[in-house]
């Protein structure tokens, strides 16, 4: 029927399967036999027509819905640019590039969308729909690490490339890395490495830190990474307290901080939790306090503009890291902000930038490889070195599929000139400083073999 | 010692919110016999009253400045709230005091919402079993929540406390507490006493209390108990709504905050005793304080994760050893 | 006299089986014919059937059934990790464990009835979820979810000489991989079996006793029944159904996340059951299908899909229509769900099955006034309770009426 | 007096200091019809509730067939052979008439619990035909497959009686079986109860209607203010001045 524009590409297969049921009555083995033969493609969802379908899997409901909406905007923009519509955005600044603005490998780019609900189950169900029903050749998106890891391992199993969206946990390209999964976004470990020197110069070597950590995987990896860094500086960790996800009111975790002798509060929270804990920490007067003869400081290792909006004035002057910010003045960033801003009327978020870039990088890898076959595309992405995408010279490291690029240390803007001008770049930490040895996290990539899905 | 004192303060604060929501829930249950799963959503609507007023006050006049451009090439917009350009500093002051102003606005709005809800939906469910009431109000909660999300987005929207009571006060050398939280605590105590006084000292309240004891008899006296109960529903809505308004500076509101509070406040009602006003209030404060204590490092190191389940654990224990709740009347829902 | 016979039930079951197995063709026109969604239909159908055995028959509204689903999933994944990638031990362990879990929770929760029971189950489920998400991470792998790794021991597989650790393992049923269409047929057949068992329960004296408990628990006491073990059995059976569904989730996709234990997930199965019609046989399966369809298909409608859908309209009209429709699909699918749900609770407490009976104008089907209070037993046969009774009564050996 | 089926010995029941029953000693003999009468608030229903385990007496014992009843659950007491009809019929409103009657029979067969899922409810032919018989007997033969909420009040009472009778109880407790009935209906009920009595079941009946009491009762106990003020055959009671004063007086004046 016409209302479902992306017809299943394997109608015939279905019919064979169902005919099998009809004919073979109760036996189950028969249809499966037929199906397996019918599915013998070269690789999963090989595009056969004049178009190629990408799957954009973002949170549309739940706490990260706004972030998901921004990601989706970026994806739509990327598709436009790939198909040669609009001003081309970062296609013009990317180097080296094989993209010509005529689709990918001459095929028009189409897309399907899905709702991850920020739940692993829902995200996998949605990704499976894209793979099984809509014939997506690549899945991208996600706004939390749990989801990214869950979808990434699904993609490994089905042989579909996954270009992770916003995911900051070390695990995504650490112990849970996969051959079919790629991450452009930075991670908690890099946040720690980047923050270290800045914290040192801003707060000195003699500090006592108190961590509040969201009690789940991402929170723990970030806590560990930041602790490593700060303890390396000579800071003392007074306490690291786990807070339940979605606690709402954090007062019972904040009051002990004040009398613990700590003079730095590190909030390993994200999203709503971060908005709440930071707002409340400021209300408790933490930013006006003097402890141990020093100004009490709050640090939020991972920042995003949407969170900054949620926390309002409370973020002023608070340090953190971010993957990218729209106020950067390199050609790539300027080009991207320009086309995004003209399209939607406001600047893109870091989530939008990473999603846009990932889409372009995938398309470029296909062009480079000359095929959509995942093993070749993976080969083209691994070790790919590029520039002009807003993050300076960037390397997609082959060993763990993590992008290495500069990390921005930012602080809440004291005098914002507009409602979007919330963060201010304090330092652009060079790539060399945040590069680490891939072996520290373990994990294995697995095989790149093509699979018939 | 200070730590304990602070945790009691935290608990009272949290408890204030629980108690205000639970008060309405239990009032509605005691009078109308309705289990209202949309009560959390009402709390959320109250919070968004504050957001709306703030947004209205901040309605901006946009002037394009052709000499400056944005990063994407359009002329820079210079935004000033209309109210500031009309009233100058007074306008700024109004924006800063948007939360207290919202209270004035929220009372009629929430009352209206309550009456519409009761007349439009709840009244048809008086005779239906609790399960039906739970389900229909649960559906309503989803709808209200999605409408708010459609209008305001999913991201929390911060509201600031008026400058007069922003920041924190030092009670002693080591006890520093946010001004607004103290205001909130007093506010909730006042509101609770207001509701109690209303029920105790007005004839209206007396009829309502009598109706809670024995609906049939009061009905037999020729008093139109139904109409009064409609107003009671409105009062419960206003109480939850005001709790929502006042909570915005503490917790930047988002569309889902109602659901987060709903389950907790239900537990509070059950622990206090279904239909018992005093029970709801005392259980609210009690659970708030217990939750605060359970979150202390000293406690958590002995019983890891206890802070995440303490409220539910208390509910389970109470329901088993004293099914009518702390202050519930004997025989009410005691099966 | 009961308006329904064994033959009716067998016919119902056969028709049901035929529809399930032919699902891939039947659902093709509405775009739902792909393995993952059909697997979900089957799995959540089982979940809802099980929930209905508790809620539909006894009227006890549990808000914590997702906990059993979660336990089933975790148990199954652990079986994959420690024993074998074969689905059978995983399912068996999951069903047993969730049954035990239901025994423990039921023992406590069933001491209370009504809304107290609901709150107790809710409290238990929330505790399970909170713990699974954080403190129990060594068992549940927290936020990321428990997954099968290449390096897991799998003692049973090793014993039977499988080459463990060579490649990323996949779940199987004696060699048949449990993904894609085979996965669906496997779940479908389990669903048919689960449905058959629910017919057995519904038609058995046990099932009738459960209905009687719902109808008047007080009278049950004066009739010599101890309600507690009946309720307990219903609770455990329904928990085991949930565990079965959870294990199938893991079989088709070996990852168990904590979110599936959240109370909103419990709310979802309540929605499914009521939407379809609590207390009916087919209703829960229907409800599960509709909600999963919404979740997966409606949520994927974006503006471009809508535009092409309403292409036949003139530009301006289309713009408005797309704008309005956009509120209810894509990121607004929760709104549609809420609206649909309220409509059902308010106007059609018997769920869609009651609606179907009204449309089909089955005679004497009494109007359902409360959820779950449906005197109608099912669309097939029992809807016409009063139809063929008169003949039977006449043949019954009636003595003269004593009331002269 | 050694053939007592139910013997109530020194039973006291008080609610928050209020004495609802005090010093009740009463023996119900086998196969007799025993009426308990008394003005409103005399404690008749309380006494019945104590007998079926709904209320626990504050003091005293209730023996049924030599078994102590106090502290037992209603379902256990029922299984010993005590059935009760309520003032407002307690039936299964959502089930059909025949189902209402079959369920008590399952209880008789399975005792308090049976996980009967190996057979179909509608294939219990023995139970079914007995139910049909009893229902036809009570004049409900036309309503077998009707939902009970469509029955008239009188029919509901008869149904409840049928539910008790199929269990073949040794003792049948009736709480105002004719309250609110029209004369003709009352008479029909009296006839019915006479026939039940003829089968040898022991009956305890609480009744306001003296016509019913004197047509049925072998013996009568008069309660007033929570104590027994008189006991004896109908003739003895009729002539008892205490009873006339306490109870009959107000009615016969």
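Letters A, B, C and D mark the chains as written, and numbering starts fresh at 1 in each.
Operating definition for what follows: contacts are C-beta pairs under 8 Å (C-beta built on N, C-alpha and C of every residue); 3 or more make two chains touch, one makes a residue touch a chain.
Computed from a prediction, not measured in an experiment: that's the story for all the values here.
Enquirer: Which of the two pairs, B-C or C-D, is linked by more C-beta contacts?
Expert: Ranking B-C and C-D by C-beta contacts puts C-D first.
Enquirer: Could you find the chain whose CA centre sits the greatest distance from that of chain D?
Expert: That would be chain A.
Enquirer: Between chain A and chain B, what is the separation of their C-alpha centroids in Å?
Expert: Distance between chain centres: 35 Å.
Enquirer: Where the centres are mean C-alpha positions, what is the separation of chain B from chain D, in Å?
Expert: 52
Enquirer: Can you work out the whole-Å distance between the CA centroids of chain C and chain D?
Expert: The mean C-alpha positions of chain C and chain D differ by 43 Å.
Enquirer: In chain C, what residues contact two or more other chains?
Expert: 130, 134-135, 334, 373
Enquirer: If a residue has to touch 2 or more other chains to count, which residues of chain A qualify?
Expert: Residue numbers touching two or more other chains: 61, 65, 215, 242, 244.
Enquirer: Who touches whom among the chains?
Expert: So the chains that touch one another pair up as A-B, A-C, B-C, C-D.
Enquirer: Under the stated contact criterion, what part of chain B meets chain A in this complex?
Expert: Touch residues, chain B against chain A: 2-3, 6-7, 9-11, 13-14, 17, 70-74, 76-77, 79, 149, 153-158, 160-161, 167-168, 174, 176-178, 180-181, 249-252, 254, 256-257, 260-261, 291-292, 295-297, 300, 307-308.
Enquirer: Sort out for me which residues of chain C touch chain B in the complex.
Expert: The touching residues are 59, 61, 108, 111-116, 118-120, 122-124, 126-127, 130-131, 134-136, 263-264, 267, 270, 274, 327, 332, 334-335, 337-339, 341-342, 345-346, 349, 369-373.
Enquirer: Which part of chain A faces chain B closely enough to touch in the complex?
Expert: Checking each residue of chain A against chain B gives 61-66, 215, 239, 241-242, 244, 246, 248-249, 251-253, 255-256, 258-259, 272, 275-276, 279-280, 283-285, 288-289, 306, 309-314, 326-327, 334, 337-342, 345, 347, 418-419.
Enquirer: Hey, which residues of chain C end up touching chain D in the complex?
Expert: 1-6, 200-201, 203-209, 211-212, 214-216, 218-226, 229-230, 233, 366, 373, 375, 385-386, 389, 392-393, 396-399, 401-404
Enquirer: Touching chain C in the complex: which residues of chain B?
Expert: 35, 121, 124, 128-132, 134-136, 138-143, 145-147, 150, 259, 263, 266-267, 270, 274, 304-305, 308-309, 312-313, 315-316, 319-320, 323, 333, 335
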